[in-house]
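Input: a single structure, listed below in structure tokens.
Chain lettering (A, B, C and D) follows the sequence in which the chains are written, and residue indices restart at 1 in each chain.
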Amino acid sequence: MIHTLTLSDLTVSRGERRLFHDLDLTLRAGEVLALTGANGAGKTSLLRAIAGLLRPDAGTVGFQDGDGNPLDERQARGREVHFLGHLDGLKGGRTAREELGFQCDWLGHTQYGLDHAVEAFGLKPLLDLEVRRLSAGQRRRLAMGRLVGSPRALWLLDEPMAPLDARWREAFAEQMQRHLDADGLIVAAVHDPLPLPTRTLDLGALT
Amino acid sequence: MLDLDMTPYAAFVWPAWGVSALVLAALTARAVVASRKWKRELARLEADPTPEAADTNRPQVARSAIGPKERPQAAQGAVGPKE
Amino acid sequence: MSRRDLDQEPRPPGLRGATRVLLERELDLAWGGGGGPLLACGFFACLTAILPLAAGGDPRTLGPVAGGVAWLALALASLLSLERLFERDMEDGGLDLLALGHLSLEQVVLIKALAQWVAVGLPLALTAPVAALALGLPASLTPLVALTALIGGAGFAFTGALGAALALGAKRGGLLIAVVVLPLFIPPVVFGAGALERAGSDQPVGPALALLCAYVLFAAVIAPFAGAAAVRNAQG
Amino acid sequence: MFGLSNPQRFMAFTGPLTPVLWGLAALLLGVGAWLSFSVPADYQQGDTVRIMFVHVPAAVWGLGAYAALGVSSFFALVFRHALADAAARAAALPGAAFTALALFTGSLWGQPMWGTWWVWDARLTSVLVLFLFYLGYMALRASIDDEQKAGRAAAVLGLVGLINLPIVKFSVDWWNTLHQPASFLTPGSSGLDPVYLAPFLTMLAAYGALFAALWLTAIRTEIRRRRVMTLRARQAQEA
């Protein structure tokens, strides 16, 4: 179970352009880190590097458990990391129920978690609709379902609230708080500040 | 001695050798021209150093890390939690 | 309500669960939206129909090439939906989700290749005998056509999945997959069509089938690792 | 190979070596050509035997180039060396050109013997398949914009191709025993009259030296090109 996320000397570039270098950072359970900075500053790349989807030029991403001994990266990412990017990975042709079911099955879920997800994000009326018929906000809530349906320690969110309206932003903020209370960690790339006490890392100033 | 009389098969031997020579010459020319071009370009770029001396931000791509690992800029750790 | 008092720890789907779940979804995606296996069979039928129209319907000319053409059509039909295998997931973010599951990317490529074999290989293996018959192959060979087509289909699925992974994010994906993958399809086509040829001239078919199976096992080992490397490369 | 994996040491080492290779290639080509045309014509093939002196070396070094490409791809994949990627990339064009030459001269050689421009015999078909492997490799590398990603995808294909080559060669030979075309002539392998050995081996060495020269020159150019690209990118960043 991931308790601490440690970045040491992390250097990431996209193509020829270096985004940031020698980034050191430690995030402990219960903390949320907000990534700010202009478009293209590397927020998404940092999230993808933590999730292991992007190979850093140098430096390491480390996960430690409660009493500090390091976890195997592959194992930790396969069982303890959620990555919610701009693209939600949903298949337009299938129904919301099938897609939520697949995403939670694939990431490992509890039956209790699944019902809780549907209730937390008001997905009940959407379940029998085909995904392509959902609005952007509804699709985002459906994609967020897996965060609650398959409890995992580290949430990596890329501008999660963008398509949501005020009511569902507040609901999501509550889910984030609930996750933090349960010793979860969150790293979120945001444009407008999160309604939670957060640490911030301005990627714009790093290069 | 050198026998260049290919009579019955001249139409096969000469094209074979001719095209082979042509292609090999083309390959050589292309390689040499490209080599000279980038050699000149590199010399020009390295001759007039960029506005600020080109040694701080040592690019990792073409040059392996020799000497101690440099940390050109103290990393900007996360700002303390905002109350 | 902290996570600890959730009544159970998250139930990891375990290998079987995740495999079944992904396989079902892949099949649903491949066969869903109508069409289903008919698309692959339809393409196979078109190819088989074009040949006599192009080369004349005389059984004397078609007979000897019937086995070979059936295999040519099988190889091309297998190329059909390779682009769908990874490109769609790359475009809609599904690949990131698959990379963060309990199964490694190598296993994901393996399962996707198996799904491709079932979704496209199976229907083709059922259509191949019919096509071969139509082209004048003796009826006694049809069970062999189906068997070799089924085995060869697996080889096409694995090598094809590797080609699809390599062409991820490339322009002209579909055509590129064909140029990259077809040279690698040569052994199964040679062994598969060779088996028919041998059976036709009453020679033992064993060695050809054995070689075909050897190729499939070989592809089943290479494709997941090379494919996963290609996916990681295109992803990050 | 490890010592050379550092671009600096590689450039220093190959600096003096490359001109030597170019000179050697030129010398061997000259001598080889002269020898090729001073040996007597073959009693059976007549003068067409001289085509063999350009056909077989091209086929051999077309395959040699792919081996170089495959091994470089392995190093590029496993050790992520930019140099190994440059080496694989540099071997592709000469290799493809040699293979194409082998196909062209092969059909020119076959025509007087078999009366057709192309014969589906095992050896010529294998050379054709090798050419397809090159086409696939270069098409893949050309289709991906991001240079780094193109490099790694091509490295995977280069390595997979190298592993598949013997299998494809075996399947073509096996196929050949099945459809036995009248290819009584197995050039280059059996029954080579010893008098032809001198020009054949000289030309073989000549093509080898030429490939090495082309390959090294292309790698050195690639290293310089990437250095220039980096300098330009940094200039742009500062501007």
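Simple rule for what comes next: a residue touches a chain if its C-beta (ideal position, glycine included) is under 8 Å from a C-beta of that chain, and two chains touch if they have at least 3 such contacts.
These numbers were taken from a predicted model, which means no experiment stands behind them.
When every chain is represented by the mean of its C-alpha atoms, the one lying closest to the mean of all protein C-alpha atoms is C.
Of the two interfaces, B-D and C-D, the higher number of touching C-beta pairs belongs to B-D.
A separation of 19 Å divides the Cα centre of subunit B from that of subunit D.
Between subunit C and subunit D the centroid-to-centroid distance comes to 32 Å (mean Cα coordinates, whole Å).
Chain centres here are Cα means. That of subunit A falls 35 Å from that of subunit C. For the pair subunit B and subunit C, the distance between mean C-alpha positions equals 40 Å. Listed for subunit A are residues 16, each touching two or more other chains.
Shared contact sites, meaning residues of subunit B that touch two or more other chains, fall at 61. Residues of subunit D in contact with two or more other chains: 146, 230.
Remark: subunit C residues 1-4, 6-13, 17-18, 21-22, 25, 28-29, 32-33, 88-89, 91-104, 232, 235-236 touch subunit A in the complex.
Taken together, the subunit B residues at the contact with subunit D in this complex read 1-4, 6-10, 12-13, 15-17, 19-20, 23-24, 27-28, 30-32, 34-35, 38-39, 41-42, 45-46, 50-52, 54, 57, 59, 61-64. The part of subunit A that touches subunit C in the complex is made up of residues 48, 51-55, 74, 77-79, 81-83, 85-94, 98, 102-103, 105-110, 112-113, 150-152, 178-179, 181-184. Interface residues of subunit A, counted against subunit D in their complex, comprise 15-17.
Residues of subunit D touching subunit C in their complex: 77, 129, 132-133, 135-136, 139-140, 143-146, 149, 152-153, 156-157, 159-161, 163-164, 167-168, 170-172, 174-175, 178-179.
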